[in-house]
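So, here come the structures, one by one.
Next come two complexes, and both contain chain A; in the first it sits with chain B, in the second with chain C.
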Partner chain A sequence: MAIITISRGSYSKGKEVAEKVAARLGYNCISREVLLEASKRFNIPEMKLIRAIHDAPSILDRFQHSKQAYISYIRSALTQRANMDNIVYHGLAGHILLKGVPHVLKVRITVNMKDRIASEMERESIGEKEALALLLKDDHERRKWTKSLYGVDPWDSSLYDLVIRIYKLSVDDAVDFVCQAACRQQFKTTDSSRHIMDDLAIACQVKASLVDHFFDVAVTSEYGNVIIYTKTRERQGQRLKKKVEILKEEIEGINNLEVHAGLPYPPDAV
Partner chain B sequence: MPIITFSSDSYRKSREIAKKTAEALGYKYVDRKILSSVAVKYDIPEAKLIKTLDETPSFMGMSSKAHKQYLAYIQEAVLGELLDDNAVCHGVAAHLYLLGISHVLKVGILMDFDERVRQVADQEKVSIEKAKKIVRRQEKQRKRWSLDNFNLDETDPSLHDMVINISQIDPEEAVSMISTATGYRKFKPMTYSIKCMQDRELAARVRVALLKDFPDVRVQARDGTVVAEIKALKREKHRKSSAVKELVGNISGVHYVEVHAINDIFRQAAESGR
Partner chain C sequence: MEPLTTEMILVMAMIAIAIFLFIVEWIRVDVVAILMMVTLPLLHLVTPKEAFIGLSSNAVVSIIAVIIIGAGLDKTGLINRIVNPVLRIAGKSEKRVVIAISLTVSGISSFMQNIGAAALFLPAIQRVSKLREIPLGKLLMPIGFSAILGGTITLVGSSPLILLNDLLEPFGLKPFNLFDVTPIGLALVASGIACFVFFGRFILPKGNKEADEEGAQPAEADTLPALQEAYELHTPDDFTDYRDPVTVGDLRRRYLVNVVAITEPPDFKVLSPGQDVQVRSDMDVGVFGPEKNVRRMAEGEGMALKDHIDTFKEDLEDGSSGMVEAVLAPRSALAGKTLNQINLQERYNVTPLAIYHRGETYRAEIGDMILEVGDAIPLYGTWRKIIVLQKEKTLLFSTPEDVELMRPEKAMVAGFWLAVALMMIMVFKIQLSVSLMTGALGMIITRVLSIDEAYQSVDWRTIFLLAGLIPLGIATEKTGAASWIAHAVLNTIGTVSPIMLLTVIGILSTIFTLVISNVGATVLLVPLVVNMAIAAHTDPRMAALVVGLATSNSFMLPTHQVNALYMGPGRYRSVDFMKAGLLISIVFIIVMIGMIYLLYGV
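Right, the complex of A and B next:
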């Protein structure tokens, strides 16, 4: 079965589509659950995680690397969930956090600005200008977040398998299309795609465990053979190796763990 | 029944899907073949019309005036063809000048960057690095073309009702999705949307008639009433308005012509400086 990520702007009816798709296919619909899980597991207040995944990094964040750490926690929680398959994720950045997994159907739902403004005005009891300003600010933040952390524009259609505009097409029509696409052979979980997902989950777990002390590590995993890439020098390298030994015991599914220092990071590394 | 427009960053693949959709629905298929009749009608080489759709005006290439004129010819021909509904339109940028007409289903077809690079490398027999450069240049060119000619960003997903990435979703599935969407009530032609289409076609015909003498003309049409906006000096206003009325008056479908002559401030400044 498939994993479906639904990307959306605020008030873009993506949540409605996600819930209906999940109900029709009998999948789990998740969004905030991932943050709660990450918050619980890594003992970080949920609000900090929400800010990490919503607001673009400030200059201070770039030095503190706290945002990268929080995103690693969220990614770890999401990949753990996604590993169970049959989910519809409509939280932020699903298409980026689950990048490279073949059985992920990446969907973006858009709505025209007028409808979004009307929804925001109704919900927040504010005027049209204020609603527009809030939406533009929100969109700007989301775009800046993705651009600064992953170098891509979330509005770029080529990041998705399907982009549906709720205007002439209704929410139910969008649900039909998403379900139709999700049932296709390309999005069925195969042995090889499951391995890719398993490896991504392992790599994310390793990264989340290390990122607190070693923010600049990158991790890859292939059939449980994990390679940690680092730029750290000899002394820190020893500390990393000690930590790695403990990880081997802690994280399930690791066959072998190696540390490579000074090598360029592979593009698919977490 | 509706009109379906296709736009894509991969011309060949989207043409294949557009053709299959037309066949599946039994619709008329309109593509760049229409350019041959335009070329004959206006006595222009067909290659120049193709260039108009692919390139922006440049100092060494096509002049801005010629580009605008040729594009107007193409628009006129395409809109004329699409008056009958039940049509699939591909490769003539129709999605950019059919905005706001409710029975038009606008579909975007995308392909992953790497796949496009491989295709270009195979077709042009060049290295992957060179192919990447070509694809990036094409992307920039497409965006600039739509911004220059229609002030719209081709890559903006809100210009489409649905965008399908065929690197993951196979063409047959895409055809099936598009065919399903055409059955939805919102894409059925209504009296109003048909009238909008007729108005737009009339405006395109009038614009073609005026472009030669009035390169800056902007035309709107509603129920046979045509409003033409031209630039003129104060002393020319009357003469130019009469000329517009004379040129447009005989066009079929035109019942009344209104001319708005706007003061040409640049020419006025140039003349006062003499």
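Right, the complex of A and C next:
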């Protein structure tokens, strides 16, 4: 069936919507599991991953490229889960991480600021001003993060299929809408959308295995024919070659693997 | 027994030197042969005329003619029509390919000259080697040996056996029937092939690195894409229902399979279609690619893979289209451009299959790669289109021998001339060389192949190797060295059991046939052993038969015509023949004596 990504700010009831949608449609609801999986698989503390996906890259990060690496790890973990289909993902940046897959229903849930402040005050037992400041900071961080890494504003409604503001509409209304939309023909998994999802998963896996040493590679996959694009022509060539040879054996579903050097990266590359 | 003369000693010394040089290979074997050709007359062991008589000998001229006939038959694709079904039965396994071709060749060589069978199949075997990526060295030796062994299946299979009855006549012995030797011959062929199947790993040469350095032939097989072949598929009636249109380019990107032909309704055939041509329902699609990928595509897209090429039979046949490797020449105008910019597909109607760039093979998204001087591009297309492209001279072709037009339309003519040559030999009993040369000439006159192509097909290494050893044989006989050795050996062993005597005769014939021609050895030994056998109360017919058979036991040195022919293309060294030949020769003698014992109870 479909993959549903729910994007949300903190205290925006997005999680509630996600869980209810998952329960009604019988889907798996995932968010933190993806982080856990990634941190386990790539041996990184979960905290570091959370920070990577949450905070905008600092100057230092830009040199180390560790942020890009972590995002590759998360993306790899997510695409592999999404590969199984029938999931609701309400973690961060699902709409970006699963870009290009046709059967993904992208939803954004927003909530009236007053309600968010109230929730925050209740949960953290803090004052109104403090809560507002925290929420604004959090929103700012998230926008900055998406902008700096992907060049898009998460508040831009054109990124989503459905933007629902929980104010006059209740959580249950939102769940109704999302479920209805998810059952539309457009979001049904087809042969070709399956292939796109599979290929995205393979490309993400390849990228995640390489990003540690070769941060600036881009990977595409079509029906298991993987191309790794790299800028470096000679330098690193041998090392990359060796690593790629191993990947061929390690990652399932690769039919052919080639390294193309010195070519412009295709826009849909991972 | 006559005394040992100086000449005899000199001849034996020359034989020893020749064998020594064959083994150490300080100079190439054909040069050794030329050395003999020159030294023997200088030592007055043969007359100058005899020294070069080999070049005009019946055997050498026959070989030249049969090689030309073979090239002609190959050019028209006639041999392929025999080899292809054999290969289809054999499947993909190297061993089964060896067994299948060996059996075919030995079968054919059982009723015609061994060298003929071997020469006719040589071009086809070279193609099989390239296609299946089996090193030529692994194929030629087993097949060559099978051709020699096949000569023992019938009484007309090899020259010694043809002679045998004539040689028995003066003694008033009963002649052999055509198929009297068949059980022995079949056992010999079977044991020979079995040796290669079971011990091939140990006795066949492993690498040909050193031989490569001689630069006899560039190793093209290494660089051609792995196991690419043409296949034909059919799309079902509901192929385009409920799905996005599939284009030729999609299939290439998804499965790395190149569509090289497609049918357009009502019944047009489009060769090398463009990347944006759509694949529709109920179409035939001719593709070129590795089998694995083609099967993946058939499954993934729901196409039916046909057992063999049917609709595009004439278009995709080896004779009319195929693959060549084009290399970007220095200063080529194409350097710095991409394949998409050059647009080979639309301009020349050829399909680029991959790019070899700095030692790497690229198959996916090759259209965007920037070409550099020295990059190689395997192209698939009809020969006519490829020749047009070749004339532009922007690309060099590294496999030029493939860029010859095959002439399938001449197949009947080529077959006719082969039949004429065989008729002349079998029915009219005209001398072999004359008959075969008539066939070769006929092919040239009827333009099956041009005279230049005929010259090119003849391998000088083979000619000189054989021609140079003929005076050595003459000298051995003329000086009496051969009969002296034979007498000496047979006298030394004295009276022994019949089996022992036959074994010694077998070994003696084997050694003689390695140095003297097999016919020479037979003529020399048969009268000798018949007398010996009568004296030792052994069946003289069996003794003669052993000579007739064992003179085909010529595997340890590349002196047999078939071995000489295959030595060059297979890039074998004398050592390779000694290693494999020793085993086969021993097995030969054991099997031969065993079979004679079983059949005739000697």
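In the analysis below, the second predicted complex is superposed on the first by the 268 of 270 C-alpha atoms of A that agree within 3 Å, B and C clash if a C-alpha of one lies under 4 Å from a C-alpha of the other, contacts with A are read in each partner's own complex, and residues count from 1 in each chain.
One rule holds for everything that comes next: a residue touches a chain if its C-beta (ideal position, glycine included) is under 8 Å from a C-beta of that chain, and two chains touch if they have at least 3 such contacts.
These figures come from a predicted structure and were not determined experimentally.
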Side-by-side fit of chain B and chain C on chain A, or clash:
fit
Answer with first, second, both or neither: which of chain B and chain C does A:8 touch in the superposed model?
neither
Touched partner set for A:163, first chain B, second chain C, both or neither
first
Does chain A have more residues touched by chain B or by chain C?
B
Quick one: classify A:155 as touching chain B (first), chain C (second), both or neither.
first
Quick one: is A:177 in contact with chain B, with chain C, with both, or with neither? Answer first, second, both or neither.
first
Would you sort A:110 into first (chain B), second (chain C), both or neither based on which partner it touches?
first
Vertex at chain A, arms to chain B and chain C: angle between C-alpha centres to the nearest 10°?
130
Across all Cα pairs of chain B and chain C, what is the smallest distance in the superposition, given in whole Å?
17
The shared contact residues of chain A with chain B and chain C are none
Inside the complex, what are the residues of chain B that reach chain A?
9, 102, 105, 108, 110, 112-113, 155-158, 160-165, 167-170, 173, 176-177, 180-181, 184, 186-187
Sites on chain A touched by chain C in the complex
190-192, 195, 222-223, 225, 227, 255-256, 258-260, 262-263
Name, in rising order, each residue of chain C that touches chain A in their complex.
243-244, 253-256, 293, 296, 300, 360, 362-365, 368-370
Going by the contact rule at the top, pick out the chain A residues touching chain B in the complex.
105, 108, 110, 112, 155-158, 160-165, 167-170, 173, 176-177, 180-181, 184, 186-187
